[in-house]
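Going in written order, the chains are labelled A, B, C, D, E and F, and every chain counts its residues from 1.
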Amino acid sequence: MDLILAFGSSFLSQLRSPTLAFLIGGMALAASGSKLAIPDAVYRFIVFVLLMSIGLDGGMEIREADLAALALPAVFAILIGCVCVLIGAATLGRLPGIERDDALATSGLFGAVSASTLAAAMIVLDEQDVFFEAWTPALYPFMDIPALVLAIVLAGVSARKDNGAEKTQVSAIIVDSLRGSALSALLLGIAIGLIASPQQVYEEFYDPLFRGFLSILMLIMGMEAWSRLAALRSVAHWYMLYAFIAPILHGCLGFACGWVAHELVGLSPGGAVILAVIAASNSDISGPPTLRAGIPGANPSSYIGASTSIGTPVAIALCIPIFTALAGFVFEQ
Amino acid sequence: MFHPATKVTIIAERLLQDKLVAKLEDAGAKGYTIVDGGGKGEHFTRASDSASVVNAFSIIRIEAILASDETARAIATEIETGFFKQYSGVVYLSQVEVLRPERF
Amino acid sequence: MDLILAFGSSFLSQLRSPTLAFLIGGMALAASGSKLAIPDAVYRFIVFVLLMSIGLDGGMEIREADLAALALPAVFAILIGCVCVLIGAATLGRLPGIERDDALATSGLFGAVSASTLAAAMIVLDEQDVFFEAWTPALYPFMDIPALVLAIVLAGVSARKDNGAEKTQVSAIIVDSLRGSALSALLLGIAIGLIASPQQVYEEFYDPLFRGFLSILMLIMGMEAWSRLAALRSVAHWYMLYAFIAPILHGCLGFACGWVAHELVGLSPGGAVILAVIAASNSDISGPPTLRAGIPGANPSSYIGASTSIGTPVAIALCIPIFTALAGFVFEQ
Amino acid sequence: MFHPATKVTIIAERLLQDKLVAKLEDAGAKGYTIVDGGGKGEHFTRASDSASVVNAFSIIRIEAILASDETARAIATEIETGFFKQYSGVVYLSQVEVLRPERF
Amino acid sequence: MFHPATKVTIIAERLLQDKLVAKLEDAGAKGYTIVDGGGKGEHFTRASDSASVVNAFSIIRIEAILASDETARAIATEIETGFFKQYSGVVYLSQVEVLRPERF
Amino acid sequence: MDLILAFGSSFLSQLRSPTLAFLIGGMALAASGSKLAIPDAVYRFIVFVLLMSIGLDGGMEIREADLAALALPAVFAILIGCVCVLIGAATLGRLPGIERDDALATSGLFGAVSASTLAAAMIVLDEQDVFFEAWTPALYPFMDIPALVLAIVLAGVSARKDNGAEKTQVSAIIVDSLRGSALSALLLGIAIGLIASPQQVYEEFYDPLFRGFLSILMLIMGMEAWSRLAALRSVAHWYMLYAFIAPILHGCLGFACGWVAHELVGLSPGGAVILAVIAASNSDISGPPTLRAGIPGANPSSYIGASTSIGTPVAIALCIPIFTALAGFVFEQ
């Protein structure tokens, strides 16, 4: 009961939070056929700044962080990434009229992580003064890469079964996803944060821009969500169902792991929320190209539609407030 | 003096750019020109400029002029069979005239 | 006499204000054939941020504003927009060697509103610590849309007279201009400001960037002004005359209405200046595409030349200081 | 095996993009590619990249390949008469060769 | 009714844009279209979009359609000899069909 | 000995300074084949903001500066620019297998100035609280233009010797380089700083962005440096040697002049470092296009490779710490 209330209030505050307002605003714009468009160059710059900012902050904190406390959440992240993909393959993959490749690609995306959802969660926690270790966002790649790799490998396996296609090299996929613009920016940020002392440039430039750039990214996400709906309608409705349920399910999984990490190595409640949210999120930037190259047989309309049009909005609008509220409730005592 | 040459135009997703360019160079194209764009085909629509969360799917248009018609046809065929059975994209040939055939 | 002095000093301070310096600098660059060019993506981003910022601020204040005080200026805005177009049609339209379509398109632009001029006025008032209600900039669409619609409708009417062209739908034009990138950004900002609580993102991101982005927009406006002069020279000189007089005339009209609103519903002096300046301004972003689509017969060289090359510089360099000074003088006692 | 096909190229102002694309699709084009640009014609010059306050006037270049020459000619004629009497723009045809005519 | 016309396509470094355009207009081209791009030739590779410290070297692709074949050939020859002996770039001709020859 | 230590410590602190970290990070990204790319529009915007910022600050200070103290360094700047080109022509130009045109173009670039290196030096001095006159960066054009002009003229001379090519107009080259986007932005900034009072927009917008934009510019420079190495390898190895030695040599020349200016007109130690660093730097933005147009015979792979891949990294990573340390040592007593 209290939980409901806690969630309710957190949800309402979330609704009033600009983050969500911009997301919905973006949808409204696209729906109204507005000609407003954020130039691609600006979009790419914004994503770069957000991830560099996350990386720098994380890197600077990892220096102080005790690596034992860091190891367990990282292991959990890897597990969650893989489990999510397996769940997807076992559920969505079995449904009537769903191509195996499409199911695997979709599971891969939903197992992977969304930078925009992650950034949104950080701002929301920040708005509610919930503390989290700055290195928790750096768990991103630990969940992202395994999910993508596993999905592509499984697709390769079944492809080989059907028509002896050549073996997929795991290493190649890992390298390829590390090279993606999103992960490169994040990892570079972490490296610089670890080695150099970017405190000042971080505080003067990257941090102040974070909130504003996020608001614009949310706008873009909203526009994309709406404009991809059309493509989504053209594919099996199961995708919509999966895209709605998966984030919540994955989020719970992540939250559970976060709770365990809290008990064992003292991960902060905020850290648990971050873990839950990256589990709930689905890759909308780094993932698609990697999957596109890795599972060419899969139809982008299905997996991108499912992820951008439903998965991301659900993760941002529902999962963030749910798990923030849940944390306030569970970690109270 | 103008000499006939054959132009191979390839329209594909950006994520194929490196492979396509490598293929062109192996096959003996001495140069190529790339422009960015968007488009629509069997698969799905791509914005040409406005922010696209899946930028890697945006379209590039590669054109390469070759003095030898056979080479051009060979390249087109290889690319069609090598890439566009799996990935989305289009390749076509057109006849042009150039002044210094030796450099194509 | 005092007025002259007041204007003189305000004009000089305006001259030293960077806003104008950047405008003139842009002209100088274009005149000197400099290769410096602000990328289009950056230009579009800047316009978005400026209008979103105006919208957010306005929206947040409208919440507190008393709607009665808001209604009258809005009505005035609509009237001014229409009257300006009619004046244009009745003067410019009657001149020898002026195509009716061109005259209407030009009157439409000069009846409509310029986001850049508006932003410049806001900064100038701010620099001179003249208070204005943050919702006054939100009067923009109330003047902009009626002007464009009326111009297009009049053109349609005469087109039908000549050759039974099909009737122009007013609604279609309104929707089209609302969809334009400039108005969408402004309205979205207002909506978010009204519904959500974007205080923090506004103060951390949009507001701090305002002044700087405006300086760059002024630079672009200056370059455009100069580079369009060539096109303008190729058309009748009447356009230059109209483009010089109209902003001042429209501004006086707006100022008069502002004064009435001050007497009746207590509009602030600064608010009156804003009303005067948006009346004096001419649409350089949202207007042209709408008119281009709505009055295809009109020659863009004439109306865009007149507006960008003369109208906007006159509005920024003359009208802003004139009406700021006038306000200081009129509302003194 | 290469098959002849006809390419329709349309150069117009961006504000016509949606209408032109709709027209193409109605007329049976299975795909098209768009690139942004600038240019000069009867009317006036448009910068291709630098900030243009009237961006909506900047140029787009749409090309659509059609297997059927008649359809291509029909489209070109419709667009010329339907748009470029009023608006500024250009349309032209060229002959190309494609490998899988069924997809054009 | 379609009429034959000749298209001159020029691919060159941006820093030549003004000179090339001037040349085109002098030679009687009534219009042209420019798109930005990148490419590779004898000299060196140019990125099409990502930040290039030597942006002025990035590639532009100018196409101009002319009703008169001779004029087109004359332009192409002049540009080849006048520019591309020194600077890097390519020019080629192709045959197209237009509807209103009077405006080209 | 102390010098070595001083340099050592300054070099280490420099290593930890994010400026260098981003430069190296950029190389690492390019080396690892990352797909991360900063859009060209953003790159051009960043360069504009950095140079406008330098210009505004310089312009505002020149107002107060005593012009006598300004004149000598300016004269030195001109001399250095020319001497560097002559040195290059006399050394690189004489080496076996080096085309005269290529040698002159390369010498021109290394005689000219790099905005990015200059900005980096300003931040480093700032980090170490070393004062420098805000007008010293405005020495940029005084060294840049003469170097480029001289190189092009010398190339023209030898071209005329071989095959009576027409005379190169010095004025035309000067105008052309002044029109370049980098110098236009700088000069416009200086003009506005001198005439208007852009204090507020400078402090609110340009200055706060400086450090952050520089970090991104360094990233781009690093990527470019690596990606041009391939081209460089294809040309004579002498270029690598020259590109490594020239910056240090030119820097010493600049430092010596700075020292003289310190003794005669009281140029600050920091000012001397700035003079040394712009001498050590090589033009990577404004120069190449000017040279490309001015010495078409020269092969860009050689001079751009030499400058971007080796010259700039050496100037930033070695010369900045060297001369900062040297200043601390020389100007101590």
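Operating definition for what follows: a residue touches a chain if its C-beta (ideal position, glycine included) is under 8 Å from a C-beta of that chain, and two chains touch if they have at least 3 such contacts.
If you're wondering where the values come from, they're calculated on a predicted model, not measured in any experiment.
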Checklist entry - Which chains does chain E share as contact partners with chain F? => result none
Next on the checklist: Which chains sit in contact with both members of the pair chain B and chain D?
Outcome noted: E
Checklist entry - Where are there more C-beta contacts: A-B or C-F? => result C-F
Checklist outcome for this item: When centres are defined as mean Cα positions, the distance from chain A to chain E in whole Å is 46
Checklist entry - What whole-Å value do you get for the distance between chain B and chain F if each is reduced to the mean of its CA atoms? => result 39
Next on the checklist: Please output the residue numbers of chain D that touch at least 2 other chains, ranges allowed.
Outcome noted: 35-36, 49, 56, 94-95
Item to check | Where chain F touches two or more other chains, by residue | outcome: 35, 37-42, 44, 208-209
Next on the checklist: If we use the touch criterion from the header, which chain pairs count as touching?
Outcome noted: A-B, A-C, A-F, B-D, B-E, C-D, C-F, D-E, E-F
Item to check | Complex contacts: residues of chain A adjacent to chain F | outcome: 39-42, 44-45, 48, 178-181, 184-185, 188, 191-192, 195-198, 200-201, 204-206, 208-209, 289
Next on the checklist: Please output the residues of chain A touching chain B within their complex, sorted ascending.
Outcome noted: 37-40, 42-44, 220-221, 223-224, 231, 284-285, 288-289, 292-293, 296-297, 299-301, 304, 308
Checklist outcome for this item: In the complex, the residues of chain E that touch chain B are 9, 11, 35-42, 48-49, 59, 61, 73, 76-77, 80, 90-95
Checklist entry - Which part of chain F faces chain A closely enough to touch in the complex? => result 15-18, 20-22, 25, 28-29, 32-42, 127, 208-209, 211-213, 215-216, 219
Checklist outcome for this item: Contacts from chain E onto chain F in the complex sit at residues 13, 15, 43-45, 47, 49-58, 86-87
